[in-house]
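Labels run A, B and C following the written order; every chain starts at residue 1.
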Amino acid sequence: MLRFLVRRVLAAVVILVLISAVTYVLFFALPIDPAQLSCGKSCTPQNIALIHRNLGLDKPVPVQWWDYVSGVFTGRHLPLGNCPAPCLGLSFTNDTPIWSTLMDRFPTTLSLGVGGAAIFLTVGVGLGLLSAWRQGRLTDRIASAVSLLGQSVQIYFIGPLAIFLFADRLGWLDAGHDPDWSSDPVGSLSGVILPCLVMSVIFWSNYSRQTRSLMIEQLSEEHVRTARAKGMGSAYVFFRYALRGAMGPIITIFGIDLGSILGGTVITESTFGLHGLGQLAVSAVLGTDLPMEMGVMLFGATAIVAFNILIDACYAFIDPRIRL
Amino acid sequence: MSGIAMTKAAPAGEPLLEAAGLAKHFPVLDGFLFKRRVGAVQAVDGVDFTVHAGESLGLVGESGCGKSTTGRLVTRLLEPTAGRLTYRGQDITHATRKQLAPVRTEIQMIFQDPYASLNPRRTVGEIVSGPLEIQGLLTPGARERRTRELLEIVGLNPEHYNRFPHEFSGGQRQRVGVARALSLEPKLIVADEPVSALDVSIQAQVVNLLQRLQREMGIAFLFIAHDLAVVRHFSQRVAVMYLGRIIEIGDRDAIYEHPRHPYTHALLSAVPEADPDDDGRERIRLAGDVPSPLNPPSGCRFRTRCWKAQDKCATDEPPLVRLDGDAEGHLTACHFPQEPTVADRGHDVVLDPALAALEGTEPPREPA
Amino acid sequence: MTTVTTPQPRPEPPAPRGTGDPFLSVRDLRVRFATEDGEVRAVDGLSFDLERGRTLGIVGESGSGKSVTNLAVLGLHDPRGTTVSGRVTLDGQELLGAPRKRLEKLRGAKMSMIFQDSLTALSPYYTVGRQIAEPYRKHTGASRHRARQRAVEMLGRVGIPQPQRRVDDFPHQFSGGMRQRAMIALALVCDPQLLIADEPTTALDVTVQAQILDLLKDLQRQTGTSIVFVTHDLGVVADVCDDVLVMYAGRCVETGTVRDILKTPEHPYSWGLLSSIPRLKAPVDVPLRPIPGSPPSLLDPPPGCPFHPRCAFRDEVAGDRCATERPQLLLTGARGSACHLDGDRKRAIFADRIRPALGRRPEAASPAAAGPEGPDADRTAEPEADRTVADEPAAEPEADQGEGNR
């Protein structure tokens, strides 16, 4: 297990280094000159050269990239200000360290992601299990219809609808605000419930359909038949044998969906006016804040890679045939 | 039978294919970041045999004995790790694709699974004429005539030329595989478990078909199977494999009536016969399964399951030689061979601990 | 049923036939599957009995309905799309239509099953020990600790070395033969009175198969379990079964003792099976005689006798009855076949045309003595003698006499 983790973390580092190199080249070596962008329309060549020197853009691209990567670990002293240890550079727009902005925004995104995933896994897998248990009966059809509903809607459509219905009209739920878990856990929770619910809806159908077909497949597996042949009860066989077999593939699908979850949070944040990483990325793109774009991207990639390692470890825990 | 098939047949009895010290080791890779070789599955580890023109050599053994790998080496679907493979005097051990091309037309293969070895998107006609087309032989019209002829030879209706494999039953699909193998008029067919996926009543149809081809077209066969009775029925000579080695080889009578290797005895004793009066055979029940070819036992590979094994068996590998009193061409690799008979000699050999406990006997240890 | 742990060297053979009521009784069993292409009649009116301590072999090719029959006995068919009718009684209890809870109490306890492929039939997610202990806990209410001890004991009995350690292994850590032994341990953990073995050795190597078959026979001697043994291999049948039922297209075409079926079969399909298998002791120059054609589709089975399109003897029945009228299984005692040929004709055909080509040799040790003439000439007289006495027990001394002749 340790060996596996070390191996996967090393591989992840290699992947992240590659991602950082590619994104760096994309952002900083392409024809758009960041100096030109940050300098505005009335710009003299002297000004541009000065900005170049200030941003370190006068050096060759590989050297710039190396400075950037080593800065993540050691921190940098940039002409515009100090940038402590996990340094992803300074924002073009307000000269603050990217890292601190990320840390400021991350709780919102994490809450949405984790909360949304928890809801859609519960609802989606639950509906799928219900369908499989009552396969071919009315319950199955109703459950399938409910999940299908999720498939046919979009966040920016049901988001406002849900705010109108549950927050404005019925007043059951908060219309959504940024969480601050350390000082106000209860308020944070009520603030993210509605966004999490709305975000989870688009994932329901996939998980319920996948779970249903995985369970039906598992229920026809021979080892499940053996469990029935030895007299174990239907519910026991269903949960202990069939669900156990379906869990691995569900987790795999979840691993693949991590990127989509991040994408979902972006749309949800803008729908609910929350200030998370997604919203940060959007404003960075609109404001051509290249270091911020790059920072968000690297941070997101790191999170996805880290979660994937966690998921693989889970998989090994579920299936004893996989040796780590 | 088609005239052209006969003209190219080699004179019977001439050595067609010779394997000497043939080996195939599959590397096992593992490692931290970078893969490195940590061992090798010794699937085939130094086998010698000859297939003569027009004869059928049977290759029997249990799973993991390397019989299928041997078949794939002979057809050069795999490249040997060591040893020498000669086809009509030409060394093809490491021959390139180009050098192999003329030989490939003469050695064909029939596979076990008639479902998986035919392309479901091509018609039977296309499948059977495929090899002719690839080799650029005959005009399209002549190819189709030849294909219809081949379908008829294997007992299929030539009218079914345009049907797809899924429209055929398992036995018929295996016939399609046979027709494809025949299309280039091979001199040697490697048949890897050709009937084991088929129902009992269908097996005999295919065995008879292959037997007719061998006789009428003079095609030599390397017949690989785990079913000892089928191999006996089909092959004039038989080689018994165990963990990558040939442990006994000889003509049919030698192997089935006068075997010397304890493993051959155990195999024959284990075959259930469809005859309630079939006693009079010795009863040998081994313990456990075949060991892993990843780390085979030293010396004689059978020694871990053998009731006659002694210290010598662990240190000295027995050579494959003709023993005193054995027929010509009957070779056995054993330090302490059995009597040359399969008849019951009054005491069972029961090594299996559960059987021994239930039957109230101790696992016997025969003196050498 | 209690576990006999002391080894019994050569216990008494099972009680002779005809004593006691059948332990398992199947009457007019029909199993139908609804598919997209129509209704599949997988089992079509099957009846048989199995007495305590005996082994019934069900022989047939793929699609003959032999496995479907057993799943129906255990009530393991998916009720959706499957219709099961008829009567199945186990020790006097009706199983078909019994409440689910009652079936669950019987399964694994009074009746259990061994499947063909132990790799897929055991769950990869739980240890072998847990899978064996589970039904024991459920059916006997034993503690976790006691159930584990029982699993270790069972693994030891079926010949797993170091059972104390291997009990915590997962199935994939076992070799094929060991897994099948674990499967047997699982089936026998609650000392069932009925064991259904569905091709239990088909996936195994021949030397391992011999070990497993002997193990099943020895365990049966010890526990007196009744066994239904499903196989396509007539050699295995000869080795383990007392009685045999030959299935074709979801029906029983012939039934009798193992000696009846293998020595004096009466149905053309049984003849075909016997003639198409190569044997270790048969002369090699006699070609095999396969059954022409292939098994029928169960979606649209042929009218009349399902075997008639492949049967070489349908012309011997007057008026094309084989193609129009379904032959009934006519039983004399427990022996019978479903064929329109009349009894004398069947016996004559087997004696004159089928048996000579089987090339059976009476003695293995002296091949020289087994000229094609001698033994066969002896044997042609046998069935006639056999038939002068109609019922079963009388057939046995006759066979002994046959052996004495040699």
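We take it that a residue touches a chain if its C-beta (ideal position, glycine included) is under 8 Å from a C-beta of that chain, and two chains touch if they have at least 3 such contacts.
For reference, the UniProt names are A = ABC transporter permease; B = Dipeptide ABC transporter ATP-binding protein.
A quick note: this is a predicted structure, and the numbers were derived from the prediction, not measured.
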item	value
Chain-chain pair with the highest tally of contacting C-beta pairs	B-C
Chain whose average C-alpha position is farthest from subunit C's own	A
Distance between the centres, which are taken as Cα means, of subunit C and subunit B, whole angstrom	30
Centre-of-Cα separation between subunit C and subunit A, whole angstrom	58
Where subunit C touches two or more other chains, by residue	none
For the subunit A and subunit C complex, residues of the former touching the latter	135-136, 220-234, 241, 244-245, 318-321
In the complex, subunit B residues that touch subunit C	62-63, 169-172, 199-205, 207-208, 211, 226-230, 232-234, 252, 256-257, 266-278, 280-281, 285-290, 341-343, 352-355, 357-361
In the complex, subunit C residues that touch subunit A	74, 76, 78, 80, 100, 104-109, 112-113, 115, 117, 120-125, 134-135, 138-139, 170, 172, 186-187
Contacting residues of subunit C [partner subunit B, same complex]	7-10, 61-62, 157-159, 161, 175-178, 181, 205-211, 213-215, 218-219, 221-222, 232-239, 258-259, 262-263, 272-282, 284, 287-292, 294-295, 360, 362-365, 367, 399, 402-403
